[in-house]
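I am attaching a structure below and will ask some questions about it afterwards.
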Amino acid sequence: MSLVELELVTIISERFLKDDILKMIEERGSKGHTITDVEGEGSRGIRASEWEGKNVKIETIVNKETANKIIDEISELYFENYAVIVYSKTVRVVRGDKYI
Amino acid sequence: MDTIITNLTSPVVMAFVMGIMVKAIKSDLEFPQVLYKSISIYLLVAIGLKGGVELSKTPFSEFILPASATIFMGIITPIIAFVIIRYLGKVDLDNSAGVAAHYGSVSMVTFLASISYLQTEGLEPEGFMPTLLALLEIPGIIVALMIPLLQKSSNSSFGKAMHEVVTGGSIVLLLGGLIIGFIAGPVKFQSIEPFFVNGFQGALFLFLLELGMVTARRFRDLKKVGFFIVAFGILVPILHGFLAILIGFWSGLSLAGTVVFATMVSSASYIAAPAAVRIALPKASPTIYLTASLGITFPFNITIGIPLYYAISLWIGG
Amino acid sequence: MDTIITNLTSPVVMAFVMGIMVKAIKSDLEFPQVLYKSISIYLLVAIGLKGGVELSKTPFSEFILPASATIFMGIITPIIAFVIIRYLGKVDLDNSAGVAAHYGSVSMVTFLASISYLQTEGLEPEGFMPTLLALLEIPGIIVALMIPLLQKSSNSSFGKAMHEVVTGGSIVLLLGGLIIGFIAGPVKFQSIEPFFVNGFQGALFLFLLELGMVTARRFRDLKKVGFFIVAFGILVPILHGFLAILIGFWSGLSLAGTVVFATMVSSASYIAAPAAVRIALPKASPTIYLTASLGITFPFNITIGIPLYYAISLWIGG
Amino acid sequence: MDTIITNLTSPVVMAFVMGIMVKAIKSDLEFPQVLYKSISIYLLVAIGLKGGVELSKTPFSEFILPASATIFMGIITPIIAFVIIRYLGKVDLDNSAGVAAHYGSVSMVTFLASISYLQTEGLEPEGFMPTLLALLEIPGIIVALMIPLLQKSSNSSFGKAMHEVVTGGSIVLLLGGLIIGFIAGPVKFQSIEPFFVNGFQGALFLFLLELGMVTARRFRDLKKVGFFIVAFGILVPILHGFLAILIGFWSGLSLAGTVVFATMVSSASYIAAPAAVRIALPKASPTIYLTASLGITFPFNITIGIPLYYAISLWIGG
Amino acid sequence: MSLVELELVTIISERFLKDDILKMIEERGSKGHTITDVEGEGSRGIRASEWEGKNVKIETIVNKETANKIIDEISELYFENYAVIVYSKTVRVVRGDKYI
Amino acid sequence: MSLVELELVTIISERFLKDDILKMIEERGSKGHTITDVEGEGSRGIRASEWEGKNVKIETIVNKETANKIIDEISELYFENYAVIVYSKTVRVVRGDKYI
């Protein structure tokens, strides 16, 4: 199997931003994503409420260009006001065409 | 004093205190978040259903004045809260409006605790009180979120916050339950009654145990928010409660109904309001509004507020 | 028409409609997946236990004909469904067999809704109906999954799918409950009765609320599956229900028993069948079989189907 | 023999057997971990509350002897268990102390099963038994964990383990419930009684179903731990149970109370002890102590132990 | 502490494949794994049922050779019919011998 | 947006070590973390009890130096007696200063 190098972009954010972020990454070219419920603490500490539930971690495998677009967008839209972080790393994927 | 002790030894209030103690002794006990959410869903649906069934038995004429009084209080309490915190407390615009949204809305559990309390005193409030609870949940949040709109330029996320307020999980469950209970009426309700009525107080017991643990975590933030917010979280509920007692009696509510009404009005939301404020006013700090509503006003009302509103109501209208 | 309205205003059906509305207004309400699973477990065990207790009181002679009728329907309904979808609908082999497996098996909640409905009409079906439910769950899936085996070369995952069918969570809970209820009998059952009987309708209410939300999500796929599947999802249940009414009366079931029997037979599985089909026929599309069973047949049966089968049963055998 | 069959056909014991079967046939049924934890919380609070209410009705003089007997058993049973496993079994120090901590503490579910069993036999133990349960939970663990301290140099995590023992989730819920029940008394308890009393046996049923599945997973480790541990897991409970029967009667407990007392004493912890041992004795192997307590002693007590202690009690003191 | 470079292979799949995949990776030489409940969407969309529950993410740290074997096997067995993706990245691990 | 390379350290351990580990990584210089509930199997197999719940995965983004300190500490304190593993990989992060 030939492996292709792609970017795995990870976004961790307050739960109520989930739908917003998913819509955004889809518009920027993501073909799929995986969501995990996580808990976390960072520079802001407190979350809005117990009812809302935990943070979410959104992972999406995309090409370099899309990755940059997503990272830029997250930085612009959410960094100032919300508890959200984003990072990316290179992974080796089978059937790379599926993700582009 | 006596009424406070009666209140403090009721099982649900003791469960709340137990929750606080559990955290104080640094126990590793954790309630699964899913259990918390499941009990919330159950309580909201149950309140809605029972309220709807009762409403179906209430003549419209009896209900119209208390309903109007509720909406009136929903409009003025966030304004009062805003003015106090903004101009007396010199807190910035966003945080002031954020806190006001919480005190304009309502806390379901405080409402329930007041009903439990009255029942141990042998009193039964009007059956349609849950309808008033639903009516009071929304307007205060809308009013509070509109204040910064008037003072600032336009806010793009106001519309989104309004959608959240009106379709938020808690209001949907409460209103959905109300409508179903209303249509079903007492006879059709019977089949689901054991589940939603018999289990209710016990589920509330577990919920307050968990809320005690949540509250204890908020206590850590008390020093961060400062003395003004602490005073605010105790005095504003008393003020709101007092106004509500006057308006409640005026609208024709019974003694018990007035106490529940005052408790409702004085309480601060911690489900619907935080979600909406997070969206509309992202710069408002959760540390301030959640510490005030959940760390101060909630425990105050549960332990001292309710018997206090009862005492005042007895004195004014008994 | 009247019977449809009676049905539509029963609490559990209104809960289902409420669930659909919740998603229609794009509320962010979410039921924890664990709550959904926990209520499923509770309902299956409760049905099994009650059925087992009733079975322990039923003479074998009374039970043998309805049981045979059930297995007979379990064998022919997947064949009917397969023939219609494969040759009338020109759907490919795997998808046809996949859908047939769903319509050959049974939906627990539809079954329960029919019992609720009859109780509000003042009728009580035979106590051993849950045993028939268990009997009907498996054969239809096996028959449907064997069809492609006969038409194609061997399928390596058939054995694995059979294991899944026979040891799947839903059947294990139902059968386990039945056996325990049967051995325990009415006297020993008393200790656990309040939990499994009194709470039942209320738990079903919450479950249908959640199922309404799940169904609403399936509605989005309606246009993907096309007109034929939609028609199939309404007409085949009516056909199966009609046959079941004839066979039900023939086997000696009461009017109420026949209505429940018809509802069961007409319903389509969405727990046991999907799991087995996913294993045995991985090329069959979940979009087709789940949209048909959960997006069309389930809401149809819950709202219109049940009163319809009641009307037909009254007309034929009343 | 007869009493064993009565026990084996009680619903909760059958639920346990069903859980074992579910895993034996390799069903993919899984209980959500959250459901397991939620039911644990419910059961512990419920036992505590009921025990507290009963205690509030018991004169101190009636309670003092059984309480002393309980603490006495809590001190000697871990020592007996330790001596047997260390010197007869030639097991190393840490594992011996780890196992001893489990047999010095108590299993809530075994306790409950014995009460269920007696009720089907028409007997009712003293109402304050849950208080004894709480008293027995802690001392045995402390004694067992102190043994390696005496034999080895100092252990830095002993203090941390003590904190865990005293503030662990299970003891906090049980004690908190006891205190609340005691303060509330029978009248104030009424509001939450339906939830905590009526639903109890049914919740226990589901819990034992899950515990059966957990136990079945432990069975795989039976061959790893060897014959000595298996024999230990059966004979030591019988020995402890026998001693407890003598002490129980001596302390003035009724026949039913003595059987529950013996069951409690003979049972091995699988919630409080594992957590503490994991901290204080990290080198002790969970495979050994959990297989012994959950894989051997628990199923033995649930099925054969309880009727055995009943038979012995009848014979000695009946 | 000396760190060794190994492969972290991540498999995301429908829940009902879990036991199958775990058995397979063990046979190929994996000495351990970590499982997370996740939700996801990809090119296929729909999952089989609510009852079954969410997707699972299986992570296993293995040497390069085992990683390749696992990736090949997943591609062959599951790619055609099931919702499953697999990717791998290099991580630095302490006590590397534990995983080989 | 300028991306900075930092280390993402991942620790998987028995649940009851969670608070200990969080305290430790904070003392070593971590400014935030994300926690996920996971299940797992490794060389030791059995976990302490059902009641305690599943394993946890703790992830923290830190600079190279802090990463090494955390890894050393984990190895020393927990490797002998507890079920815990630790690994690290390099990720590209926006607003790198936030994490140091």
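Here the chain labels run A, B, C, D, E and F in written order, and each chain numbers its own residues starting at 1.
Keep this in mind: a contact is a pair of C-beta atoms (placed from the backbone, for glycine too) under 8 Å apart; a residue touches a chain by one contact, two chains touch by 3 or more.
Heads up on the chains, UniProt names are B, C, D = Sodium-dependent bicarbonate transport family permease.
The model shown is predicted, which means the values in this text are computed figures rather than measured ones.
Each step here moves to a touching chain, and the least such steps from chain A to chain D number 2.
The most distant chain from chain A is D, comparing centres defined as mean Cα coordinates.
Between the Cα centres of chain A and chain C there is a gap of 39 Å. The mean-CA centres of chain C and chain F are about 47 angstrom from one another, to the nearest whole unit. Chain D and chain F, compared by their mean Cα positions, are separated by 35 Å. Contact of a single residue of chain B with at least two other chains is seen at positions 28, 34, 37-38, 169, 198-199. The set of chain F residues that touch two or more partner chains comprises 16, 36-37, 89. Taken in their complex, chain E has these residues touching chain C: 14, 16, 45-54, 81-82.
Every residue of chain D that touches chain F in the complex is listed here, in rising order: 33, 36-37, 40, 169-170, 214, 221, 270-271, 274-275, 278-279, 282-283, 286-287, 290. Within the complex, the chain B residues that touch chain D are 9-12, 14-15, 18, 21-22, 25-32, 34-35, 38, 116, 119-120, 198-203, 205-206, 209.
Remark: chain E residues 1, 3, 6, 8, 31-37, 61, 89-95, 98 touch chain F in the complex. Against chain C, the residues of chain B that register as touching in their complex are 34, 37-38, 41-42, 45, 49, 163-164, 167-169, 172-173, 176, 179-180, 183-184, 188-189, 191-196, 198-199.
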